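Two complexes follow with chain A in common, the first pairing it with chain B and the second with chain C.
Moving on, here comes the complex of A and B:
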C-alpha cells in the first residue's frame, strides 16, 4: 500500500474529522419522534362502525391472529307485512400483535374499509399477553390513521376515485338525456332524491339539476328502510 | 467422533480438540453452528450444523394461498425480502401466462436493485466489524437508513416489504417518490468512498483477507455456490445477464457482472462492493426509464380466488446473495401442491467443509463472514 507507516491511521482520522464537522444523523428518539410515511405499517386500526363481521380478515390472515366474536340480532319488520331483518353485531374484535406478521392482507381483503394501517408504533408491552389488543384500543388507533399519499402523476387513478368519477359521469349523462327529453309529468322534486344517494351523488349535486322520474323513485325506495338503522346497515346492504 | 490420542510426553502426536462455534456466536449472523476439529491452531475438519432456525417454510407454503406465500417467502432471507417475493410472483405469473404491466416491471427492477444495495450494505458493514473494525458498520447503517426510508415510503415496510402481488405490485408509488429515491441513491453513492477507500484500502483489512480462504472454481461448481461468492472465483454467471428476467434484458449496457479471479476473502468483498455500486447505477437507470414510461397501471385485476393451473415451473432469480429458485408444482388448487425453495445461502454455507480445513482458527471468522449468508436463508 503506502510507504509511510501510519498512513491508514491518518486516512481514518481524516474521515473522523470530516464526519465531525457534519450534523449527526442520530435521532434522539423519545424526544424527537420519527417522521413516518403514511403507508408505514405500524399498527392496525379498526373502524368498527364499518365492520359487518364478514370474517374475511380472520380467514385470510396467514397466522390467524384475528379473533372475532359476534351474534345475530333480528330487527322486526319496519312496516306491517315486511320481512324481518337480521344483522351481525360485533362482540369482540381482537388482534394478537405478538403473532401478527404485519403483512397487511387483512386490510387488503376487507371489503368494507374497516381496517387501516397506522404508522403508530409505540405499543410495546412487558407481557406478551398484553399484546392482544381488543376493539376499543384498535378503534382508538383509527385516530392516528393518515390519509393515503397522492399517487405519482403517471399512476393509474385509485379505484375509489375511478368509481366515483364513473358514477358522476353516469349521472351527468342521465341528466343530459333528461334535459333533452321533455320532463315527465309525474316528476318529483330533485331535492328529495339528493340526500339518499350518498357520497358519490353528493359530489354531483350541482350537475344533477334535472329531474329523472326513474331515478327519483329508486332513491325514494332506498330512503324508506333507513329510518331505524345506522350507517353500518346501509353498508351491509351492498355485500357481494 | 472425538478421537483423543494422548501422545507420550504430549509432543509425539497432536491432540485433536472439537470446538463448537455457535449456535450463538456473533459472527454467524444468527444460529449457525460450526463443529470444528482442531489440531492445535489449525482446523482439520469443519462441519456446519444447520437447522436451528428451521421454520418449515416449504411445508407452510402448501397450506397458504399465493398472496399469503408472498408474506412467508419474503422472510427466509430477511435481507433480500423484495427479491424473495419476486421469485414467487414470477413463478405464478408464468404458470398463469400473465403479462405484467410495463410500469410494474420497471418498478420491480428498481426496487430489486435498491434491495440489493441494502443487502450488500449490510455485509459491507458487518464484515469489517467481524474483522475488528468498528466504524464501517455505522456508515453502512446510515446508508441503509437512507434507502430504507425510500423503501418504507413506497411499500410501508422497512424489511418485509410485502409489495409484490401476482400480476404487478400492491400499489403505485406516491407522488414525488421517484425524486426522493433518486436523491437517496445519489446520497448513498456520494458516500460510498468510505467503503472504497477506508475499508478496502485499510492495510489491516487487506492483510486479514488477502489470500485467506481461497475457493477454487471446481468446488464452486460442485457445491452449487452462486452470487458474489462464486463470481469472486471467476465463475462468470449472473442470471440478470444470462437469463434476463424483469427488465434486465434492456439494462445490458448498465448491468455489469463483477468477477474476480483470486477467490479469496478480499475478492469476495471487492465483488460485493462493486456490485453495490452497480446496483445503484441500475437503480438510476430504472428511474430514468420510469420517467419516460407512459402512464399506466402497476397491477392487474385478479380473480377472488387465484388458482395456478395444473403444471410445474421453476423460476429463479439472481438474489443479492446468489441464485434463489422456486419450483412450483400446482394441481390447480388455490394453494401450491409443492413449492420447493432453492436458497443461495444454503449452498454457499455448505462449502465451508471444503474451505475451512487447513486454515487457522483466527482466519475462521474472516472466511465465515466473507461467505455472505443469512441463516434464515440456510435453514428456511
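Moving on, here comes the complex of A and C:
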C-alpha cells in the first residue's frame, strides 16, 4: 500500500514527464551510423591469399552454405631430380548469406586464418539469390575488418607467448648452469647462448605482433589457442 | 455587418479551427508520446521534425481502398463515421472563444446543447459496431454504449454544478459570471467532468471499447481508408472539444490578464494544456478493465459530482 492514495498514479505521471525532458535514445540510423563493438558479426570476409582450400570451413558449416571449387596444379620440381609439387588453387569461394546463421564456426575452424568477421552489415538485397556472395566480394570485405582489440589488462597470456617464454627461460637456465660448471669445454656456453638469444628475439617479435594492431593475422594467431582445434578437426573427419 | 456574411464568416472560421486544431493535437500526441517514451517520433515527413506526418497519413488513408464487408449494413456502415465526427463540429460552433461575441453561434441553452451533442458522437461508434456484422465490432460498440451510460451521468451532474453556480446555461453567460475563485470552488466538478469526458471519448485509460489486445479495434475493426481516418479525426476533434469545454466551464475560458484583447489566446492556451494532459494520461496509465471502468464511474465519479453539487448549493446560498 502506498502511504497516500493516488501516490502511485502521481508517480506514473512523474516518470513520463521526466522522460520527456531527457534526451531520447533513438539513433537516427541512416544519418548517424551505429558504433559497433569490436568483433561485431556483420559479414564474413575471406583473406583468399591465406586459403589453402582445405575445405574445413565448408565441412564444418552447420548450414552447408559455403561453396568451394578448386583444382590441383603441379609445379615442376625446383631442382633437377626433385619431386613435383602439387597445390590446390581456389576457383570459387562463395558464402550464401541467406542461409548463414552467423555462428562463426567457419572462422573458428579455419586453420590458416583466411576467414574473418567484418562489422560491415549494410548488404541487404532485394533478391534472395543475390545474397550469395562470391570470393571477390568476400575479399573486398577484408578491408573492413578492424584490427583486433587489445587483450584485457588481466587476461591470460596468449599460449604462443607463454610457450616462447618457457623455452627462453629453459635455455637461459641451461646457459647459466653451463657457465657455472667449471670443467666444461669453452665452446659449450657459446653454443648454448646462441639459440637462447635467437629465442628471445623470436619472443620479442611475437610480443610485438600480438600488440601491434596492424597485423591482424599474427595477432589472431597469438590470441587464439590452437589446442582446441584438434578435437573439432576429428569431428569433421567423421562427417560423410 | 451583413448578417448573412457574418454567419458565413463565422462558419468558415469554425470549420478552419475544426480542421486545424485536431490535427495539431494529433501531431502533438505523436511527438509528446514519443518523447515521453524516450523516442523521437516522426522525423521525416515535411522535413522539420516530421511536422507533416498527419498530412502524409491523410494522403495514405485516401489512397486506401474503401471496403464494406459483405454482411454489413451498407448505408449505416458508411454513415457511421460522419455521425461520429459531425457532432464535434457542431459543438465547436457553440463554444465561446473570446469575449464580445467571439463565438460561432450563441445558443441560449448552450450547455445542454453541447453535452447532448457530445453524447451523439458515441452513437457513431454504436452504428459502426452494429453495422459491421463482426462480433468484435459489436462487442466494442456495446462497451461504448455501456461507457456512455455510465459516464454521461457524472458529466451532466458536474456540468449542472457550474450552471447552478452561474445561474445560467448559456456558455457566454456562464463565462461572464465567472470569478477566479470558481476554480477552487468547482475543482472537484472539473476533475469529474474531465475524467468522464475522457471516458466518453474512449481515450486511454478508458479505451476499453477499442481495446486492441482483446477486440482488435472495437467498433472500427472493419473500417479502412478515409472512413477510418474520419473516426480517428473524430477522436482528436473530441479531445479538442472536451478540453475547450473544460476550460470554458471550469478554468474561466478567456479570463486572464489582458483578456479584453487576447482573450481568445487564453482559451487556446488552456485548451492546449488540457490536451497535453490528455496525451500525458494516455502515455502514463494502462487500460482499465471493463468492470473497473464501470465501478469507477458509479462508485467514485457520481458520488463526487453529487458532493460537488451539494457544495455549490451551500456556497450559493451562503453568498446570496
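Here, the second predicted complex is superposed on the first by the 145 of 240 C-alpha atoms of A that agree within 3 Å, B and C clash if a C-alpha of one lies under 4 Å from a C-alpha of the other, contacts with A are read in each partner's own complex, and residues count from 1 in each chain.
One rule holds for everything that comes next: a contact is a pair of C-beta atoms (placed from the backbone, for glycine too) under 8 Å apart; a residue touches a chain by one contact, two chains touch by 3 or more.
These numbers come from a predicted model, not from an experiment.
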| said: For A:15 in the superposed arrangement: first (chain B), second (chain C), both or neither? | reply: both
| request: Pick one for A:28: touches chain B only (first), chain C only (second), both, or neither. | output: second
| field | chain C versus chain B, contacts on chain A by residue | value | B
| query | Once the shared chain is lined up, is A:124 touching chain B (first), chain C (second), both, or neither of them? | reply | neither
| Touched partner set for A:151, first chain B, second chain C, both or neither | first
| message | Output check: A:105 vs chain B and chain C. Expected answer is one of first, second, both, neither. What do you get? | response | first
| field | Set of chain A residues, in rising order, touched by both chain B and chain C | value | 12, 15, 25
| Of all residues in chain A, which touch chain B in the complex? | 1, 7-8, 11-12, 15, 25, 36-41, 60, 62, 101-105, 108, 117, 149-156
| Residues of chain B touching chain A in the complex | 64, 67-68, 70-72, 75, 103, 135, 142, 145, 149, 152-157, 160, 162, 170-178, 194, 197-198, 201-204, 206, 290, 293-298
| message | Looking at the complex, which residues from chain C come into contact with chain A? | response | 32, 34-40, 43, 280-281, 283-285
| request: Mind listing the chain A positions that touch chain C in their complex? | output: 9, 12-13, 15-17, 19-20, 22, 24-26, 28
